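Going by the order they are written in, the chains are A, B, C and D; count residues from 1 in each one.
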Amino acid sequence: MTMEIMEGSIAIAETVRLCRPQVISAYPITPQTHIVEGLASIVADGRLDAEYICVESEFSALSACIGASAAGSRVYSATTSQGLALMGEVVFNAAGMRLPIVMGIANRAISAPLSIWNDQQDSIMMRDSGWIQLYAEDNQEAIDMHILAYKVCEDHNILLPAFVCFDGFILSHVYEPIDLPSQELVDSFLGPFNPYQKLDAKDPISFGMYATPEYYLEFRYEHDQAVKRAAEAIKKYGKEFGEVFGRDYSELVVGYKLEDAETAIVAMGSICGTVKDAIDEMRAEGKKVGLLNLRCFRPFPSTDVAKALAHVNTIAVLDKNVSLGAKGAVAIEIKEACYGSNIPIYDYILGLGGRDVRKRDIKKIVELAEKGEGDMFYGLREEVL
Amino acid sequence: MRELRIHGRGGQGSVTAAELIATAAFTAGVYSQAFPAFGVERRGAPVQAFVRFSDEKIRLRSQIYEPDYIIVQDSTLIRDVNVFAGMSEGGIAIINTEKDGAGYDLPKGVKLITIDATKVALEEIGLPITNTTLMGAFAAASGEITLEALEGAIKERFDAKLADSNIAAAKRAYAMVKEGRV
Amino acid sequence: MALGIGCTARPGNSRNNKTGSWRVFYPVMDTEKCTKCGTCQLICPEGCINQNPDKTYSIDLDFCKGCGMCAEECPDKAKAIHMVKEEK
Amino acid sequence: MVDRSIENFECGHRACGGCGASSAVRMILKGYGENTIVVNSTGCLEVFSTPYPETAWKTPWIHSLFENASAVASGIEASLKKQGRLDTEKILVFGGDGATVDIGTLCISGAFERGHDFTYICYDNEAYMNTGIQRSGATPYDADTTTSPAGVCSTGNNLPKKDYPQILVAHGSPYVATASMAYPADLMKKVEKARNIKGPCYIQVHTPCCTGWGFDGAKTMEIGRMAVECGLWVNYEIIDGELTTVKKVKRVPVDDYLKAQKRFRHLFKPLRNDAEIAKIQAIADKNAKKYGIDIE
């Protein structure tokens, strides 16, 4: 293992290169831009034998991925925020067509008001689309999850697209050490793309037909079953990934000092790092706090979550998103997973639109949760209170 | 963990400086992390960039509020921005200025190093781009990075000719700080 | 049986859907008059007019919707197709 | 040479009896030949040909969305290129006029700018027929549709038909043509030509719709011919930006063409609206002058 230091976006672009997509189609948008620039120059320099389609919008980016994937190519795209929103119709369509597209999401807030900064509203907005959604804590996870996603998505028993979500700027623009795997290892793990079916004049099929009321329900059922099966596939290939690359991804939820924790924090993405540092400091003060890091939001690992949190007294969920008029998306899921347990579960909407979250914020939230105060936007300015 | 905050103006290469310092630190064997204060700032606007150094893997993702070190690329920033915010005893502030730095509202126990990096950069590189000069000063003042590692990072980033002049500027600033000629 | 993943199907199996029942009028082909020009076969929206070994044409009433385009377009000199009301 | 024996569109589809689009698709598939991958936007054609699990298509066929067919085609082309299949397999896109001149324009513009190798067929039945005859940018002036209804204060669609082929000429398309299903030999020849021209080709095909326009399905071909004969539809080819061929006619007034269709009935009943008919005649006259269609 040779660690290198590089920007997250470049690490992701280099990792995508290692996965050997034959077609890349993407449209630049902050903070995803460095990834597509990186890939464009990788292709321009002849370091990857791929077609790079310079499309006129995100809508076309993912549409072109649908065509290329259906025609038998491994494909890649990346986007964020408004781009993902613009793609919305295609996002659902790609999943329903069961195409194993991998797309990087540099998580960013949604307009209005316009914000280029990080939260996770964009990918959460697409939670019902039938894509797998993985969330990276750091750039090592972001790149590993790209490789893992191809492996899972292309399994003929799965055939789904996947978002690999990493926090915009916080991960996409950070320079930090990563282990960029060797081409040989990635090739041995992934192998060449072996499409389940493809558009081929020698063996014609009709692809993407419409379903009448006699069939639509069944298509949705089978799609749902595939997303659910993905949980086991991620575990299986996550374990294999560990054997090949030395980093294990066989768990969809990962605990940190959770075994004896009285208060559990549940979070997704890069904030988990800050939470871990805060937990270490709280532990030093004698407070039994732990973290449950949700690596996978779709499929939602309800059983794993319930098991991991069964012993705690209080749960504080950190949501970098909000379903306006309801709660944060993660809290809603956690409450469903823990239904019947009687553990108080509090939701904290925080960090929206790039608001920085510090260790002291995490400590404050633990205090609030332990006092039974929650289900709130955390850290609001005085003038709105 | 030690933390560095770089204050500059858009276009002065603060982000590049953070990245090169992190690279130099990492190649010399410690974990490091560099990131900009993500924004929409245009050329000339005040910007910040951050670097963390640690013997262990760095997990913390928040911005830097209590830096051990600051680099100020442009002393006029001090009028608009509280560059010393969060600094405490033992901290080091490196400021690019022609003046001696008297009159700054330095927190107690913070060591001040002033250097005319613009003059050095103009003489060595021919451009008033001060980031590499200040990196040399930072290497000497903090000991977080070695001059060799800094040279390596600069060479990796720039074309040969540009790298040479930038290294010369960094070396000169390094020597100036080491010898107290600042 | 599992559905075709991605809503897929094997080619051309719309033949399972016999659209002939849609018809009110049906075409009758007079092979004596037919000049074998092929217009009816070419333009039929159903594609249900097939050439016989003797180069004349026959209409597959399993699928013919009875639109009458073939009768209408059969050249003046032939007028080999005429429409007849279905007895229902 | 077009192989008329090719049958890649199977019986049993659910088009209206006398469907111009369905007839045109059969001809187009003959003209484009074997080893064709079809991309189809959402619309009448897609819906009547592919209710799961019954498909009328014998070529590889894909449908994704209403407005993205040309972007999907871009991806297929890139993939075939990478697989070395583009020499043997060609891509044919079908979009209705709504999917083309209205909602699909972003994706079409991008794909034509990038120069992908495919042929885009707009089957132009001059309104959104799949959803029940709403106006599109290709609906002709004064046509009565459900969203441009004729009424006391309206003479129907009050906007002229968008000159979409010119938009693609402006994109530098090597081959832009118009054709009519009422002229099968011309249509098939143009489609065959497009297949053999590298780059994004565009053919807008007039496909009368008996249901949407209001005429007897037996008359589909005849209505198509009348449109050409009065000059409201012009068949032409523009190769590398130059107008190269035009179908010339001994032009007749627009009256008979209009009278034959319910969508223009309000121009004649209860009273003949001479002023509006004159405006439509002026459109035909302008076409005639612009393309030089009149046989002297």
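Here is the rule we use: a contact is a pair of C-beta atoms (placed from the backbone, for glycine too) under 8 Å apart; a residue touches a chain by one contact, two chains touch by 3 or more.
Computed from a prediction, not measured in an experiment: that's the story for all the values here.
When chain centres are set by their Cα atoms, the one at the greatest distance from chain B is C.
Remark: among chain pairs C-D and A-B, C-D carries the greater number of C-beta contacts. Taking the mean of the C-alpha atoms as each chain's centre, chain C and chain D sit 23 Å apart.
Averaging Cα coordinates per chain places chain A and chain B 34 Å apart.
Chain centres here are Cα means. That of chain A falls 43 Å from that of chain D.
Chain centres here are Cα averages; for chain B and chain D they lie 64 Å apart.
For chain A, the set of residues touching two or more other chains reads 97, 204-211, 215, 219. Shared interface positions of chain C, defined as residues touching 2 or more other chains, are 3-4, 7, 9-11. Residue numbers of chain D whose C-beta contacts span two or more other chains: 50, 52-53, 55, 57-59, 61. Note for the complex: chain B touches chain A at residues 18-19, 22-23, 26-27, 31-36, 38, 40, 58-63, 65.
Partner chain A is touched in their complex by these residues of chain D: 34-37, 39, 46-47, 50-53, 55, 57-65, 67-68, 71-83, 88-89, 106-107, 109-111, 113-114.
Listed in rising order, the residues of chain C touching chain D in the complex are 3-4, 7, 9-19, 22-23, 38, 42-48, 60, 62-63, 65-69, 71-73, 83.
Of all residues in chain D, those touching chain C in their complex are 4, 7, 9-20, 22-23, 26-27, 49-50, 52-59, 61, 181, 184, 210, 216-222. By the touch rule above, chain A contacts chain B in their complex via residues 3, 5, 7, 31, 116-118, 138, 167, 169-170, 173-177, 270-274, 276-277, 354, 356-359.
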